[in-house]
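Think of it as A, B and C in the order they're written, each chain with its own count starting at 1.
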Amino acid sequence: MSMKRFGLMLIILVVVASFSMAGGKAEGQEGSDTEPIRIGASLALTGNLGSAGKSILLAWQICLEDWNAKGGVLGRPVELVYYDDHSNASEVPGLYTKLITVDKVDFIQSPYGTPAITAAMPIAMEHGMVYPGNAALAANKEFNYKYYFSFWPLGPRQVEGIADLFFEAAMSSGEKNLTVAILSEDNEYGARVSEGALESVKKYGLKVVYNDRYPPSPATVDFTPVVRAVQNTGADLFFVGSFPQGTISIIKACKEVGYKPKLFGGAMTGVAYAANLTELGPLLNGVCACCYYVPEPTIQFGNVEDFLETYQSRAAVEGVDPLGYYNPPWAYSSMDTLLKAIEATGSLDQTVVGDYILANGWDSVVGKGAWDPAGSGEIAESRGFLVQWRGIESNDLSEFMVPGKQVIIAPEEYQSGPMLWPSPLFED
Amino acid sequence: MIDVILNTIVSGILIGGFYAACAIGLSISFGMLRIPNIAHPGFIIAGGFLTYYFNKTFGLDPLLAGLLIIPIFFAFGFLLYRGYNRFFESKRDEREGQMSALVLFFGVLMIIEALLSVTFGVDFRTVTTPWSSIVLHFGSVGICLRMAVPFLCSVLMVCILYLYFSKTYLGLVIQAVAQDSMAATLIGSDPRFAKSIAFGISFSTAAYAGTLFVCLVPVEPSLGMQFLGRVFSIAILGGLGSPLGTAVAGLIVGITESLTTAYIGSSWTLAVSFILLLIIIAVKPTGLFRR
Amino acid sequence: MNKLVVNNLKASYQSVQVLHDVSLTLHEGETVILLGTNGNGKSTVMKCIMGMLKSCSGEIYLERDGQRIDLLGKKTHDIVNMGITLVPEGRRLFPYLTVKENLVLGSYPHHARGDVDENLDYCYEIFPRLKERHRQISNTLSGGERQMLAIARSLMSKPEILLIDEASMGLAPVIVRDVMVQIGRLKDQRKLSILLTEQNFNQAIKIADRGYIIVHGSISYEGKNKDELMGNDLVKKIFLGIE
């Protein structure tokens, strides 16, 4: 290889590398006399989970700014050291090893999503690090790690609990002999959702007439054939466990083939993101999905409104999800709870801080609560609820920022309006 | 019962047409020019995002916005080939050139994804038009325009390309260059120019396929990487370098997927279409339409 | 009088010099044969004239209406556009295109496009076999048909100067005769100047006005007319097997 060619290859490699590896960034207060406390994490900032990862990053940044404005933790500024894992769980273990052994961060936060969180769990355990989790489904099931704390509102029943909410709502209609179609994405999430749905269906004595999984996006571009297959079974209840692209496409496909089950939705993710809500607009009318925050009067979680106000003003500028209903409050709470524990114990020792969090539970903008006594690392009681959209007239974001359009129909303690039965699907 | 079959096949045809639009540019660049442009799906997604941008900013109909971005992509493809020719093609033997080109285009694919993430964010984006939600009924067959319009545009694209490559001087020259570059110079053509045009055309089809993509389903930056396998297999199945072959291959894959979803179960969709691909390649290694 | 002149041409492949000193002239309306056995540099001369070989030096120019136009250093496609074309060794058809597509492509130079139909008719007239097979894919043709197509394709560009490299290579004797007869007719009908490289002396001499013999990259003999060529000792020795 001549020098010229070699040089060219080198330039290409450097350009590629600089984009793909986007090195660790540290941020926080500069020019401070005291050494900062450093929190490390990898996040999905690009790739298919990037949308969530970026909103989590913003929530953490807001949290650190809040603490630093108050004078930091233990009188020291707090700094975030983070890497982009490109939504690729296989990159995660390496990044956490690097964070702990090379960057020598004081504490870690988990990456985003079940696969990534599970991937870094052994690293956290090996180094005995406190491991606050950000949005995973039962990541601790195989590990039973004492210092894993899942900041996610589903509780010990996890996604299986979503199915309970859905079928409970359907049963409350009083109608008998309802038939059920279950469709979920062919991944870990979808598998769990389907499993939960089958259990739930058995509990309520319903009949399953369709149960299948579709290949994850983008393998499935056109959902009309699968929805038509479901329609052909004439199922009354259409329970769906989908990731965002599937959610949007399945809703559209239902409308297009004219399938109107009596209750439709369930564990469809992505319906908390502004981009998807505005994309669907009136198509959401009558659709049901599990949410963790909506601006309904029955939702009184800590000071989440104040947080969302700050978040929304910042998100618009940074081009991150402008609503922040999904991950950000819990991501903020995850970071906040960790920092509070450090401050309260006055220690940087993982065991001390971990034991404190274990004993004192979680306490932040999403309110406070204990951990699952069974030791799963999940919160003790589910905070998820089922929303049924109604009265959406346009694709404007403001539709989703006022009460009365995303009505909570289950469970009872958060219910903010009656369930519409059968669902007036897609009606303006 | 017959209704379901009909509807399923119609769905398959509609999505198959779109697949063809995605793969046809690769069939040109990889099949005719022997440039392994694995960044092709990345450019499709980029086309989708630009269409989205023009639609959201200026309120343009996406199909029109797509036409506007074609010249941009054409010029980019044209110039990119010049660079590729200068630094890769003219200096190496073909195999070595293709290997380093793979590295190059893989890098390009990642750069596109990164640029899109930075510019547009990583959310799913889609374009909704007044016609997207219209469903036409022909007897028991329902056809939604969200699927049918991209299909018709794809068919039009394939027809235009077919006519271009078989009826115009430059189109024929591009084929000639692909078959025997030296002989092509002896009929007075400049192979470098012809290939630049062809690469520009390949990029233009990527742009418009992106337009159709963003009309069909939500799109996000990393989709390009994930869509790579399907686009390549359809291009190969069709017989590289044949617009009609690509169209037929797209339809075959579309209909197979659709029928599998409806009658075997959607979890089998990918497996069945890849088995079909393997069988066809085993029986006819050059793809369906390669002469 | 228009002419094509090659003067003191030297050429090499990598470090091996294959042409040492080649000078020849092709006048308007002439058919000139360049004789030589394999590996003596006949094809290299053709390639140099067509600008297909970078490493050649010397002089190659056209004299047209009293003006001198240098060819050396020009790109092949530019040279073709000046009305010079080559029927290459091995024919080099576009294998997956039809006969007609191959022919139409021949008329790619701008000055030929206007007359494409007229030229097609002409080609079909002199090679009726091509008309019969105009929809056939060219790599399914027989050897003779391919050679006809290659010549016809080059005629489609309305050349003034036609270079034919090894027209008879790989063809049966009876077909070689046919091809030679056609080439001879072409010259008369189209006022072409033809430079023909050949190993097959007996056939080529029938249509030649003059000829050169190339040995080891140099012109070793120039025959001013048929008789001179026929009587030359070198010709007798190399091509006719007469000692």
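One rule holds for everything that comes next: contacts are C-beta pairs under 8 Å (C-beta built on N, C-alpha and C of every residue); 3 or more make two chains touch, one makes a residue touch a chain.
In this text, all values refer to a predicted model and were calculated from it rather than measured experimentally.
Least step count on the touch graph, subunit A to subunit B: 1. Chain B has the C-alpha centroid lying closest to the overall centroid of all protein C-alpha atoms shown.
Ranked by C-beta contact pairs, the top pair of chains is A-B.
Distance from the subunit A centre to the subunit B centre is 34 Å, each centre being the mean of its Cα atoms. A straight line joining the Cα centres of subunit B and subunit C is 43 Å long. Once the centre of each chain is set as its mean CA position, subunit A and subunit C turn out to be 74 Å apart. On the subunit B side of its complex with subunit A, the touching residues are 4, 7-8, 11-12, 14-15, 18, 87, 91, 100, 103-104, 106-107, 110-111, 113-114, 117, 121-126, 128, 133, 135, 142, 144, 146-147, 216-218, 220-223, 226-227, 230, 254, 257-259, 261-263, 265-267, 269-270.
Within the complex formed with subunit B, the residues of subunit A that make contact are 5, 8-9, 12-13, 15-16, 19-20, 22, 45-48, 50-51, 53-54, 87, 183, 186, 212-215, 217-222, 224-226, 228-229, 232, 244-245, 248-249, 252, 255-258, 270, 273, 275-276, 279, 281, 283, 319-321, 395. Of all residues in subunit B, only 166, 169, 172-173, 175-176, 179-180, 182-190, 291 touch subunit C in the complex they form.
The residues of subunit C lying in touch with subunit B in their complex are 50, 52, 75-77, 80-81, 85-86, 88, 92-97, 101, 104-106, 108-109, 113, 137, 153-154, 157.
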